[in-house]
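Consider the two complexes below, in which chain A is the common component and chain B and chain C are the respective partners.
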Partner chain A sequence: MGTFFELFLGNWYCWFKSFYSDYLSQYLWGYNPVSGAYDLELRYNTIGLYTLGISLLMVILYYYVIDHPRFCKWWSWLIVALVNSAIALFVGYYCVQSDYDAGKIPDELLYSRDENGEIIQYLISIPGECWSFGISNMFMAFLFFIILSFLLHWWSRVAKYSPFIKF
Partner chain B sequence: MDGYVKGNTGFEQSVYAYLTELQISKLIDTLNLNYINSKVISRGHDVETFIHNIEPVDFRKHGGNLGTSDIAVVLDSILQRHDKEDISIFISDCIVSPGKKYVSSPQSLNNYLLEQRTRIKKSFISALDKANNDLSVVVCQLTSLFDGRFYNKFDQPKYYKGGRPFYIWLIGSTSHIKQLQDKVTLEPLKGSGAELKNVYTLVASPKTVDYGILLTPRLGRFEPDRANPRTAIRNIRKENRGKQRGMFMFSFGANLNQLPLDESYILNAAHYAVSNKDYALSVKEQRSGRFSHIFSLSSQIASRGNLTIALKNQFPQWIACKTDSVGNDLVKDEATEKTYGLKYLLEGVYDAFTARQKDYAVFKITIN
Partner chain C sequence: MKTYVFCIGGTGARVMKALAMLLTTGVKIEVDEIVPIFIDPDAAAADLTRTISFLRDYQYINEQLHFTSDMKNNFFKTQISELIPGYRLELSNTQNNKFQQYMDFASLDIANQALAYMLFSAKNLGSDMDVGFKGNPNIGSVVLNQFAQSEAFFDFANSFRPGDRIFIVSSIFGGTGASGFPLLLKNLRGIDMNFPNAGNIKDAAIGAITVLPYFNLAQSTDGKNDIDSSTFISKAKAALEYYDKNISGNNSLNAFYYIADDIYDTYAYSVGGPTQANKAHIIELLAALAIVDFCKMDNDILQSSKGKALRPIYKEFGAEADDEEMIFSSFYGITRKEIQRPMTEFTLFCKFLNEHLSSSQSQKWTKGKRPFDDNFFNGIFFSSHLRAVKENYLQWLKEMASNRRRFSPFHLEEMKKDVFGFVKGVKPGKVINYRSNYDLFDYYLCDIEPKISNNLSTEARFIELLYQTVNKLVEDKKLA
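After this line comes the complex of A and B, so read on.
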């Protein structure tokens, strides 16, 4: 079960893996080409928890801080969800770009080299894939926002039924 | 050996150059030089004196039975004296000499050769056990000018002048032989009058070769298996774009530079056995990074299961080609570049090494 929860967020991210390369995905899984083991930080979890935390704050902001009759419509909810996704886009971009700048992404995942050590192929294109991962993080944030809305809307005073129509 | 040492020969110069390189390299503390015939005759530590005194007269002066050249006995005496910190260097024409007694029963010659093989195997098995399976042997075949009496398999002499093969055996622990090869290459042997023709290396090492899956080079897609990322892959997919569409390829790296094997041997895919015939193997050297060699396995079928890749200890073809199977007359038998009984000697060593360790290295990969 420990492994299940450990890999839970990463497996969710992999639904949107087609936006970026396998090499970036392996880095985010914590793969260390030097040791040949998954012994680096599991970045999917770290970034996923940031995104989950931001989504939680946005849900609380919508249902408990704003909580105004004017904003109980579905489009108000959608606007907040899109703002949350936009923040996640930048969070995703920033996390990968800052890891790259800090030299945290192993060389073997960034470049393919010939027998003399000369670069023959860039495996992760920077900053292109930082934005690509940002897009998948955007989808994840939208998913988190929906789930947290379902869980937390009941205790809202005014927006209890948003984004759904009260029957 | 008289014919090799008469005057200033390529044989002497090559041995001199090689032993001097050994001293310069500071790889060795002491050099113990010996003549070996029926007994081991110590000739001190000074290479220059040793080389200058190598003359037929000097051989005779220091005694022992010069007619005796039972290679199995000589090798056994070397292995008996060999210590784990030593590197033993054995230089010989390696001609098996059954002797006069077989003139009347030439049909028994084959038994004699087989007996030599068995005795050599037995000696090397003991040596491998003594060294805890940490032993390597490098056999270098060289040619030098020979000028003197050549004794055939029945010890009948005949004058011969021309090129003749001789052999240098290096025996030591695998790490010592590797260090020796890295620091003192076989180059000094080449440019000093003798020609280096062939090399055969036998390796036994208790250490397993370090290897692991690499993410590149590849065709198609796969992921290292989280449960065993060094040796297992999963979710394999064939390439779906470009010229290589429909192909699947993955790679693993291995540190074969810990083995004292010739690079051309390692890089030849024919020297590997792949358990799954769906996969074709290619090998290349990597001068930077974690591994010394990159192995790529490609397939159009991309089958799953356990895959074993073995770097075989393959008995070289040159040994059979360079073995004189007649042993009567060098010129008439067209055997001037051949050595009588060579195959049997080296088969004995090969049998001993393969009895203890069949392959030089084995890599096991799981494709889920």
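After this line comes the complex of A and C, so read on.
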């Protein structure tokens, strides 16, 4: 396991871990069943940074590009936040699904096999858990959007008080 | 430096109203203070009462704005002062009196009564003084000769300072203006040297505009017209002949403006009083511009000595196009430059207040460090005085647009999908901004609001913010 900052996003994702299995979580933490160590890519960070980046773009879009007098009410902010979450849902789904398709998820985390190598149990259900992770990524994106809105709304010309002062 | 504007009769009141409207919009006038003084025996004339009511609203707003160096605002910038309570020079013994009672006809000896009968008809002698002189300058020349004895005239003399100027507005075709103007001028140039500042007044820069006939009057409902508009031209000719000898001929004025038109509208007949509410007319606006022009003149040009102008100037107004409907492009550049931008800015301001403010009140610009909250919008400044000014201004524009000749530079109807297309003959320019119409207006308000000084009062901040916004919009959209 890495430093506090390396683990920061993963720890946040774990708040919403109940949507998917421990096996998928293990993969996302970078667990390597062969070595028994966390030496694979820390996917939480990669996907988290994608989501953070998209949320940042959406916040900038809302506060500085759209910045429209008719689109500065709390509900307009909420619409953009929900759109951001919806994008995150698909990003989460796509990342796990593409990792699976590319064979990046270790077999040991995907299946339980008998002595003959026959699959006796699917440890990670695909594509169900891709969507489940997408849902947790959706919550993360909403969280990012709130935090970034707090940080970046000050310099908006029109939407400065959206959604923090009730209109 | 002050300019005292003596406004004689109904035309005087309407020209003063036009000047106040122009000052409201921020037309630049090279004077610190305008002091209107109305001379009209008809205290109830709607033209006069409407003007006075507007001046009071203007004055209130001007006082609330406390113009400081922090402000770029030109709306309501020039101070209008009430030297005489009610702005009106009271004429004694005119209330509830007939002319013959006023001149104490019964006490005259037979010879003088005979002379009076030669000068005044029986109808003249029986005229009621409450409603002016009903187009009879011969009556006016008697009654108005008293104003030099009034306390108000003394107050005027007392407040006069070297460098102050005087301007007289009158019509030539009625009773009050035609008779009052030469009398007033005589009293100013030949002022009794016992008055305070008499020397300064005698040699002051004095300008005047005389308005030639520009409307007709319809027949009265009973067919008995005390004022007959068919005599306007002959009266004007007679008065001009008199002016030629006694005003122009003896260099009494430093600057003398004439204005006339050959397209007339016919107004409903009114002998005076509350029913005398003539529609605003472009001639009155242009006459008001004469005052602006007079205030701009160099002192060197307006020198007087021993009550005579050393270099008298005579001016007329000309327009580029003789259109029945005038718009800004109908004027020559100098006039356009003077009025187009301020009028466009203030009209946009009024349209915003009327058409969009209620929707815009939830925007960020109302919620800054010094918010514009319900207390402000329900307060007397906004809900009473500013609203009255806005309504009066728009009404004034509508009246000019419905008169003949028409002055109709703006589309005053609501055009929410083409907000900036309201200036006739002007195609709004493009701005690099995807917002349009009132969304663009709101965007500019939100952008400018944080830059407005918080040291200003809420009233001043509001006007300053709206001024800077409409100023930038008019600039960016190339509306003037």
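Simple rule for what comes next: the second predicted complex is superposed on the first by the 163 of 167 C-alpha atoms of A that agree within 3 Å, B and C clash if a C-alpha of one lies under 4 Å from a C-alpha of the other, contacts with A are read in each partner's own complex, and residues count from 1 in each chain.
Simple rule for what comes next: a contact is a pair of C-beta atoms (placed from the backbone, for glycine too) under 8 Å apart; a residue touches a chain by one contact, two chains touch by 3 or more.
Bear in mind the structure is a predicted one, so any value in this text is a computation, not a measurement.
Placing chain B and chain C on a common chain A by superposition gives a fit, with no clash between them. When the two structures are aligned on the shared chain, A:Y100 is found in touch with neither chain B nor chain C. In the overlay built on the shared chain, the residue A:G36 is in contact with chain B alone; chain C does not reach it. Comparing chain B with chain C, the partner in contact with more residues of chain A is B.
With both structures placed on the common chain, the touch criterion links A:C72 to chain C but leaves chain B unconnected.
Of the two partner chains, neither chain B nor chain C is touched by A:F145.
Between chain B and chain C, an angle of 170 degrees opens at the CA centre of chain A in the superposed model, to the nearest 10. When the two structures are aligned on the shared chain, A:Y44 is found in touch with neither chain B nor chain C.
When the shared chain is aligned, chain C comes close enough to touch A:V158, but chain B does not.
After the two structures are overlaid on chain A, the closest C-alpha atoms of chain B and chain C sit 50 Å apart.
Those residues of chain C lying in contact with chain A across their complex are 360, 362-364, 367, 435, 438-439, 442-443, 446-447.
Contact residues on chain B toward chain A in their complex (touch as defined above): 212-217, 221, 223-224, 226, 229-230, 284-290, 294. Residues 7, 22-23, 26, 29, 31, 33-34, 36-38, 108-109, 112-113, 115-117, 121, 123 of chain A are the ones touching chain B in the complex.
Within the complex formed with chain C, the chain A residues making contact are 67-70, 72-73, 157-161, 165, 167.
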